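What follows is a set of structures for review.
The following pair of complexes shares a single chain, subunit A, combined with subunit B in the former and subunit C in the latter.
And now, the complex of A and B:
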């Protein structure tokens, strides 16, 4: 049974078929990349998986269970975390508080106990704080812990968003263009922490990415999309030599 | 002595403005809508309490609890049935809708309870404390203490509780809130319930000193001024803005010619907008380059 399976999923916006009969599956423990030219439907796929958009047809399965019409706030509970291409953080809060909200779904205390900060709540908070600190160490965010997001440079914000996704303790992380807007040095780091997330935390990584160097470094399998349709799926070398993929990127040889 | 006396009645009147302003700010922060029927919701709360405590003769504490529950449910239902279908509509339509809602509530209250002013009698009505010449009615003490307690509870709620923190998260970034597992739509209903509950509390607190009639909700306009003075978006600012307006009104009533007291709220608002347009507690971060 695959961790995530898309089954003939389609969605159009007006006359534009953003995603058309797309099927693929992601196995547990993989690093799975989705590539394609601009407008190929990569981000739309992410938004379908995280239930921001409704599928017009087709089904989505998570661990064998259909999640095609699960409300989007339940996605985190299922163990799917995501980041956004242009980061969606709580801008007026510190890094630490942004990460702690990742623990929302794991909180088990009631409002009254919370408001009196009873010993049980205190213990729970200590556990959360410990787990958050582990993520901070993993992604080297110690220096920024108490800074407000609005004051941080873009590259750091992207890392904070990844860190927040990890605080959910997800089974799968959806990374939407983790290297966009980063300098070459930062992009180099991306491949390291993707491996850390995958190997140390055991999370499946599904990412949309343009940087082919990064994609071939970290991916187990790659899905190539163009005009909302699947061109090919395979290992990074297979995809890079696939004639359909070459045509989509480079155009026809005259 | 006179100054102290004015100060106490000003603060107690200001607390009522502050509580209504708090309702404005809560809804605005969470949903980016302005609910101009906030004053009318307070009025409805006062009538519901009047019905339970005086018409049905329930014990006062029970009437208070039931009023808060009924009004919270009213707030949640309003959000669910009237405001939610408006998602995606221009803010101006939503604004017109809430103004219209205010009219409907005023007319509805008049139809149900009549337009004659009523008085909510409470177990503490009429008592006074003499603090060396400063005479304070029990009602005013209850208003001030009640507001203080409510503020403390709200502070703890937003600072520590799971739902309170989820409300803050939702107000800052809905999309991110969704993917942290926060049911954003349910949070909206809860914010409306909370806001209506606070308005009802204001209604119950002010009813013993003011008359309960369908027009009492008009002080919502002054409360709106208070919210802006406080820096629309800041909860402590709303209370402080309310208190400033309440106190200035009292002093204006005594020391200035007739009429000034009623307009002083708007004078403060204008001065504030000229001098410090972001309000006492600025919540909008300056754009950094």
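And now, the complex of A and C:
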């Protein structure tokens, strides 16, 4: 049984067929990359998986269970975390608090307990803090812990977003273009932490990425998408030599 | 500059970051506790009013400053709290019990209003809450059996019969309002340092992220509405005793604007700001009286001068100091802390990066 399976999923915006009969499956423990030219429908796929958009047809399965119409706030509980292409952080809050919000699904307290900050709430806060601190260590964010997001450079924001996703303790993380907007050194780091997430935390990584060097370094399998349709799936070398993929990328130039 | 060395996670959870803060807040606590010994009765009454405004301010701040939902109708919750208090007392419910009860009643109404209102954001929500306030005003006028209608109703004196304590005496009332304000502040501070408050802030900054981190938008917003209304309702029940007599014209749109003015002038997104804001609107009438004397007669006698001034202040603050009095104070403090090194650009608003397009 695959961890995640998309079965003939489609969605269009007005006349634009953003995603058309897309099927693929991701196995547990994989690093699975999705590539494709601009507007291919990659981010739309992520938005479908995190249930921000509804599928027009097709099904999505998570660990064998259909999640096609599960409400979006339940997705995190299932163990699916994500980042956004242009970052969606809580701008007016510190890094620490952003990460603590990532702990939301693990809360056991209710609003009344919170109002009086009962001992159980305090204990829970300390556990959360400890776990958040582990993520901060993993991604080297110690220096920024108490800084407000609005004052941070773009590269750090992207890392904070990844950290926040990890606070969910997810089974799978969806990363939307982790290296876009980063400088070359930061991009080099990306491959290291993706491996850390995959190997140390045992999370399956599904990422959208344009940087082919990064993709071939870390991915087990790659899905190539163009105009909302699947072109090919395979190992990085297979995809790089696939005639359809080459045509999609270089087509107009030829 | 002060660097706080942190040695345990507990330190970030505590209310006070360092000894200095404990000292200053201790001093403040002492000052408000012994104030009745030194202050004239009139100003004691004004201070009680400031405390009441501050309690309502906590409610409104939770909604506006922390959940990012604007309400132009909070006078309605103040009214519901006030009328519930008077009505419950007229039914013979003993005094201290009526306070939490009217808080609960108002919170329940807040939750009911919250359910449809949550589908809206920004200006639409503001208009919807305004409409709600108008409905409540009409209900008060047209339901004389409970509210006394146009003529209004007398608020029974706040007494605790058991120990024969008259809480309506200026000094007793001052302490009553102070105690309830402190209680409400503690509850608000607890909420804000725990998961519930974090969920509010998350929704304020990005609904999409909040959702994908597992926060249920509508129930969290409903909760924020209910809590906000609850605090305001408690303020309303104290306000009823302050007024002594309730009539529909005590809770108008102007009151709603005044409450919003308090939150904005004090500083959106900080509990400190509420106290500054409450002091500001509490002593606004006196300031306006002084201003009247200074203005030319033609302008000073103009009807509608007050609401116009409220509006003007609101706009000026939003343009020049969006973080309000508290924000200004933080800047002044960091100026002195960093004294010779202060750079003008320290508090320049930074350009923020693109947010995820296409998602809204």
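For this structure, a couple of remarks:
We adopt the following convention: the second predicted complex is superposed on the first by the 251 of 254 C-alpha atoms of A that agree within 3 Å, B and C clash if a C-alpha of one lies under 4 Å from a C-alpha of the other, contacts with A are read in each partner's own complex, and residues count from 1 in each chain.
Note that a contact is a pair of C-beta atoms (placed from the backbone, for glycine too) under 8 Å apart; a residue touches a chain by one contact, two chains touch by 3 or more.
Just so it is clear, the model here is predicted, and its values are computed rather than measured.
When both complexes are superposed on subunit A, subunit B and subunit C end up clashing with one another.
Applying the stated contact rule after C-alpha superposition, one finds that A:227 touches neither subunit B nor subunit C. Touch criterion met: A:129 reaches subunit C, while subunit B stays clear of it. Taking subunit A as the reference chain, the count of touched residues is higher for C when subunit B and subunit C are set side by side. Of the two partner chains placed by superposition, subunit B and subunit C are both touched by A:88. When the shared chain is aligned, no partner comes close enough to touch A:27: not subunit B, not subunit C. Of the two partner chains placed by superposition, subunit B and subunit C are both touched by A:150. Of the two partner chains placed by the overlay, subunit B and subunit C both lie in contact with A:117. In the three-chain superposition model, subunit A touches both subunit B and subunit C at residues 50, 52, 72-77, 81-82, 84, 88-93, 101-102, 104-105, 107, 109, 111, 114-117, 121, 150-151, 164, 168.
Those residues of subunit B that touch subunit A in the complex are listed here as 153, 156-157, 160-166, 169, 172-173, 175-184, 285, 288.
Listing the residues of subunit C that touch subunit A in their complex gives 9-10, 12-13, 187, 190-191, 193-199, 201-202, 204-206, 208-217, 223, 227, 269, 350, 352-359. On the side of subunit A, the complex with subunit B involves touching residues 50, 52, 71-77, 81-82, 84, 88-93, 101-102, 104-105, 107, 109, 111, 114-117, 121, 150-151, 164, 168. Remark: subunit A residues 43, 47, 50, 52, 72-77, 81-82, 84-93, 96-97, 100-105, 107, 109, 111, 113-117, 121-122, 124-126, 129-130, 133, 150-151, 154, 157, 164, 168 touch subunit C in the complex.
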